[in-house]
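Okay, so chain A shows up in both of these, paired with chain B first and chain C after.
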Partner chain A sequence: MLTVEDLTVRFHHRSGAATAVEGVSLTVGQGEIHGLVGESGAGKSTIGASIMGLLPAAGEIASGRLMLGETDLRALTASEAHQIRGKRISMIFQDPQTSLNPLMTIGDQLIETIQAHEEISTDAARARAIALLEEIGITDATRRIRAYPHQFSGGMRQRVVIALALCTNPELIVADEPTTALDVSVQAQVLKLLRSLARDRGVGFILITHDIGVIAQVADRVTVLRGGRIVEQGETRQVLTAPEAPYTQALMAAVPPLDHRLDRFHLPVVVGEETETAGAEAAREAEDWLREGIGSAAGPELELSGITVRFHGERQGFFGARESFTALDDVSLTVRPGTVMGLVGESGSGKSTLAKVVAALVQPSSGEMRLGGAQLPFMRTRHRHHPSRRLLQMVFQDPFSSLNARHRIATILGEPLWLYGLETDRTRRDRLVRSMLALVGLPPEAADRYPHQFSGGQRQRIAVARALLSRPGLLICDEPTSALDVSIQAQILNLLKDMQSRFGLTTLFISHDLAVVRQMSDDIAVLQGGKLVETGPSEPFFTRPAAGYSQDLLANTPRVRFDRSVA
Partner chain B sequence: MAVFILKRLIQSVFVMLAVAFLAFSLFSFVGDPISQMTGVETSLEDQARLREELGLNDPFIVQFARFTGDMLQGNFGYSYRTREPIGAMLLDRLPATLELGTVALIISLIAGIPAGIYTALNPRGVLSQSMLIATLIGVSIPTFVIGILLIFLFGVQLGWLPTFGRSGTVEIGWWRSSLFTVDGWRSLVLPGLTLGLFQLTLTMRLVRAQMMEVMRTDHIRFAIARGIPWRSIRYRHALSNTMIPVITVIGLQFGGVIAFSIVTESVFQWPGMGLLFLESIRFVDIPVMSVYLVVIAFFFVVINLLVDLLYLLIDPRLRVREAA
Partner chain C sequence: MLAKIRESEALWLFRRSPAAMLAALIAVVIITAAVLAPWIAPTNPYDLSSFSLIDGLLPPVWQDGGDPRFLLGTDDQGRDMLSSILYGARLSLAIAGMAMAVALVLGVGLGLAAGYFGGRFDAIVMRIADIQLALPAILTALLIDGISRGILPRELHDDLRLGVITLAIALSLWVNFARTARASVFVERSKDYVQAAIMMGQHPLRIMLRHILPNILGPLLVIATVDLASAILLEATLSFLGVGLPADSPSLGTLIRIGMQYLLSGEWWILWIPTIFLVVLVVSINLLGDFLRDLFNPGLR
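Take a look at the complex of A and B:
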């Protein structure tokens, strides 16, 4: 149905042209799901945009053929291409929060889309929209079609997005990371929906994703891309069970397995390519300095008991009480000295709130915290010079916003040293900063640059270095790798694991990715809706989860292992 | 929704009280009212009697309460200069200022919004670029210079339009309007244009920036990917999302237009409230100045309230969250 032959796309910049996609060929048949997988910069989305005719102004299809049935997509005029969009090819975007017009009811958006491509009365269009919404799993569609997008949850909103893409009966849908913004359980439902739409309606899908697990769940065929070129292509079963290309093997190996524990994360290093340069000598000073400060003993124990956090909602009526929302409900857990506690749960479960309570960024309404046996005051009572301010350090999720863009790395990293009075001598501080950079795997010269000159993974290394430079005892990592590609994720997790074991740091590791947590943690705690569902040692949890919710979480996590039972 | 409006109303009351306090402080801090009302020949006894009669010996807080109470009852006091009741003076001047402000706002909207949309949709066009440069000049030249230039060109050189004043007015009840005669309009054009030009450039640039941002959002890209007609994408999807922040600024602008009309009114000798305020300053007519302050603040508060209500109308996310 869709045939792409030898597609090459170039982007023109002021400095010259860059080739984003080179010589890519692929086909999608009726009712087939064709997965495009690769890391960022692989050209997946560019291929999708080329098919849609929606390349940004700087992009240009340099050569190749794009055929949809008998129609040559490249020969279309701009207005013909616009006619075909929606009618024959449609698209699903990544983030359901932003892909619907907030000011129009979903009914109006559906009816408008149907009427844009067919001569059909508004009533008939509405009837079709309602039928479609019900088919897609939105109950009570007759009433809810009058609702606005903000009145739906994330998963339901993505269903509405799918309904919008589907309401004109297109032959092909380009789904660009359709489940990346969703929780695992919702992701499983949405993928199941795509699978059944392909089977029952015969819609062809191009499924763009960075997650091999998603491919394993639903794709019939898969194309592995790297740097704009095809690395491997074939039946999903074939490619995932017996990958031929070294890169595919490396990519699969880099995905942390859910079903067993590894000592280290595999790096997707293709044999014979460049390996990391070790700056062991340069790192010696920082390492000695850390040992001297932290000592050889394991980090402090963190005990939380009965932590409850309530947020005030909107007032109900003028004199009515505020409706409060309980973000954490009586959570008690202990992170043993020098171990890693993995904290898992879906979005809204209160994982990050718990981290913020420990870091004194949110005030709990009741409960008690102890760090290394001593009372750890809550936010309002923990004064600025409290010793825990130094002892407790955080690595945040988004490395792009957690470093001050206007400071040099040397300034950013030097800050904990003078702030906590650890090193008063300026030249010694500078030497330590450079040595610490070497310890986290960056060249010492990095100190003279600004954050924007680094990639996401490098910035996360800088964030780790900043945490270490305060000689911490307790490290809180809030989704430290969820903004990164698998290969980078493996590097950062290895780094964290190294540092944790070398310096005996007590660690609270928050992640929505169970496979990552299995590799990282000694103990595990599962949160659901602010309540602690299960806690205990990690390995028994993964082999035999006790709580029903934990079982669901595990079952819904996509695996790389080829497995069609989910669909 | 009722709660929301009530909340805003209560906030407005506090704003008005604060402004009233500032306005009232004028009396205490800008000179002694008695010495301004009386001449050199008034005896000290008479001055003391007057002070007592006017309640100026009462504690500050009592005087302030009396001032606020009088204001609420529509009793604005008397001008030192003309000895007329200030309420009537302002009411007499109000139509001129409101008509001028409204015309200026309408000029800025009818020209500014389409220009903003055009420059947003054709960012690289020659026309867009020249419009942007022209508005840059418009922003940079002070209002009074523009007014004088316009007078020079259309009033003096070409002689098409009157150079000052407000003529051709028609009385509808107490409202003296210049909107119903050709003469009235002729005298309204130049000041309206002068006052509206700055707002126009602001509106245009704001609409342009906002629209360009909206056109890059996911929901617009999704609408394009669904093949929604371009006309609908631009004017139904994008424009409504563009207007949400723009409306706030336009609301504030209207308040600003009325307040800023002082300069324009003085250049064109337009008999509005602004001109009255300027004259009052010249004669240190404190009661008029303070009432003017309160009235302008009242306009701002009312306009802001209306803008908030308009928001509720446009943005469903702000309406009461129904269960879905």
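Take a look at the complex of A and C:
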């Protein structure tokens, strides 16, 4: 139905042209889901935009054929292309928050779209809209059609977006990361919906994603892209179980498995970034320094008991009472010395709030914390010079905002050294910083550059180096890899594992991704809606989860191992 | 790499914007000429012995009866207009620049602290800012002038006139800086690098000045440029109304006020030349401000 032949797309910049996509060919048949998978910069979204005719102004299709049935998509005039968009091809975007108009009811948006493409009365359009909403699993559609987008949850909103894409009976839908913003349980439902739409309605899908798990769950055929070129193409089962290209093999090796624990990811050099390690010799100084400060004993124990956090909402009117919201409800857990506690939960479960309570960035309303047996004060009472300020360090989720863009790496990394009075001599401080960079797998010269000169993975290495330079005992990692590509994620997880075991750091590791948590943790704690659902040793949890919620969570996490649970 | 791109992008956009280039050129020429006035002006208008009534009311050179010694003509006292304008601009720019600096330090300081600490301190500072905004700048200036006149001996007051007018202008400009700084701090404060610094236990003052301030300088710089133009205008207005500087040390506003008497009498240059000069200066600084705003806010491009 859709045939793409030898597509090449160039982007024109001041500095010249850059080729984003080169020589890509693929076909999508009726009722087929074709996955486009690759890491950032692979050109997958550019292919989607070319098919939709929505390339940004700087982009240009340099050569190739784009055929939808008998229609040559490249030969269309602007108004013909506009007609085809929506009528025969539609699109589902990543973020359901921004792809719906917040000031229009769901019904009005659907009716508007239907009438834009068909001469049809408003009543008939409304009837079609209601039928559509019911088809995609929105109950009580007659009433809910009058609701505004903000009255729906994230998953429901994405269903509405899908309904919007479907309402003109298109032949092809381009879905660009349709489940990336969703929790796993919602993701599973949305993927199931896509699958059934392809089967029942015969709609062809181009599914753009960075997540191989999603591909494994629903795609019939898959194209693996790298740097704008096709690396491998074929049936999903074939490509994922017996990948031929070295890149695909390496990519598969970097995907954290849900069903067993790896000691380390074994990454061939094909993927990830050059770490240009300066060698163990350069890192020796930092390693000795850390050992000298941290000693050989395992890190301190962290004990939380009865932690409750309430956030006060906006005052309702001047004299009104404040509505409060309980983010954490009586959470008690213990991170054993020198072990990794994996903290799991969906968005809104309170896992980041818990990290912030420990880090003294959020004030709990009740409970108690102990670090290494001594009482750990809450935010308001934890003095700037409290010893835990140094002992307790954090690696943040977003490596682009966790480093001050205006400071050199040397300044950023030197900060803990002078702040805690660990090293008073300037030149020694500088040597230590450079050696620490070597320890985390960066060249010592990185110290002279600014954060924006590094990729996400490299910045996360810098963030780890900053944490280590205060000679910590407890490390909090809040989704440290969720902003990274899968191959980079594997490298960072390797680094964290190395550092954790070498220096016996007690670690609180937070992630929404169960597969990642399995690779990292000795113990695990599951949060749901601010309540602790289950806690215990990690391996038994993954084989026999006790709580019903944990079982759902495990079942919904996509596995790359091949069993098509959704069919 | 990205900083280099951004820097070169600034230069590139600048080269592609003729208005910005022309504005920058004019502003630089005027400001340099004003700063160098004592060395480049033909005469010193403050020196009573350097001019004579015989040369009074001469038109600019290109008009009949012009004298090549006085390029832009003379006023009723025989003072060279060009020299008066250069010295006047020097005074105007000095007052505007000082007022801007005071407003910047005061506003950014209060805004940083209000945004960082929030709560009661924030509420108090912002209410004061609201009140300040409700008072017209001229009223503030008259108020300060009046109060200082009341509490200071006459001679002291005359000596301090420059300070009084600077303070009056600064007081009506700081609110902009404070609001912008506060809003930017709110955004930056929630970012992880600030959270990391708080977590590490760094001193609040250090977090504000070393971490947050460099990251919010962009919008503040834009406001500073646009406000420099407002400060020049405000000074001119105050002087025009007679609240500002006395006639013996004329700023641009004073020159325009003096020129008003000749509006209908044929000696047009005494009014129009300083006025046009003021307009060109303010417009070019404003254009520069617009360019900077577009640069820091790509959404508007």
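Structure notes:
Everything below uses one rule, namely that the second predicted complex is superposed on the first by the 548 of 567 C-alpha atoms of A that agree within 3 Å, B and C clash if a C-alpha of one lies under 4 Å from a C-alpha of the other, contacts with A are read in each partner's own complex, and residues count from 1 in each chain.
To be clear about the criterion, contacts are C-beta pairs under 8 Å (C-beta built on N, C-alpha and C of every residue); 3 or more make two chains touch, one makes a residue touch a chain.
Given the structure is predicted, the values throughout are model-derived calculations rather than measurements.
By the touch criterion defined above, A:His385 lies against chain C but remains apart from chain B after alignment on the C-alpha atoms of chain A. By the touch criterion defined above, A:Leu54 lies against chain B but remains apart from chain C after alignment on the C-alpha atoms of chain A. More residues of chain A are in touch with B than with the other of chain B and chain C. Of the two partner chains placed by superposition, only chain C is touched by A:Asp398; chain B is not. In the superposition on chain A, A:Arg434 makes contact with neither chain B nor chain C. When the two complexes are laid over each other on chain A, chain A has no residue in contact with both chain B and chain C.
Chain A contributes residues 52, 54, 82-87, 90-91, 93-95, 98-105, 112-113, 116-117, 144, 147-148, 150-152, 161, 164-165, 168, 315, 317-318 to its touches with chain B in the complex.
Taken together, the chain B residues at the contact with chain A in this complex read 2-3, 6-7, 217-219, 221-230, 232, 236-237, 240-241, 244, 314-317, 321-324. Those residues of chain A whose C-beta lies close enough to touch chain C in the complex are 14, 359-361, 383-386, 389-390, 392, 394, 396-398, 401-406, 415-416, 419, 450, 452-453, 466, 470.
Put simply, chain C touches chain A in their complex at residues 1-3, 12, 191-193, 195-203, 211, 214-215.
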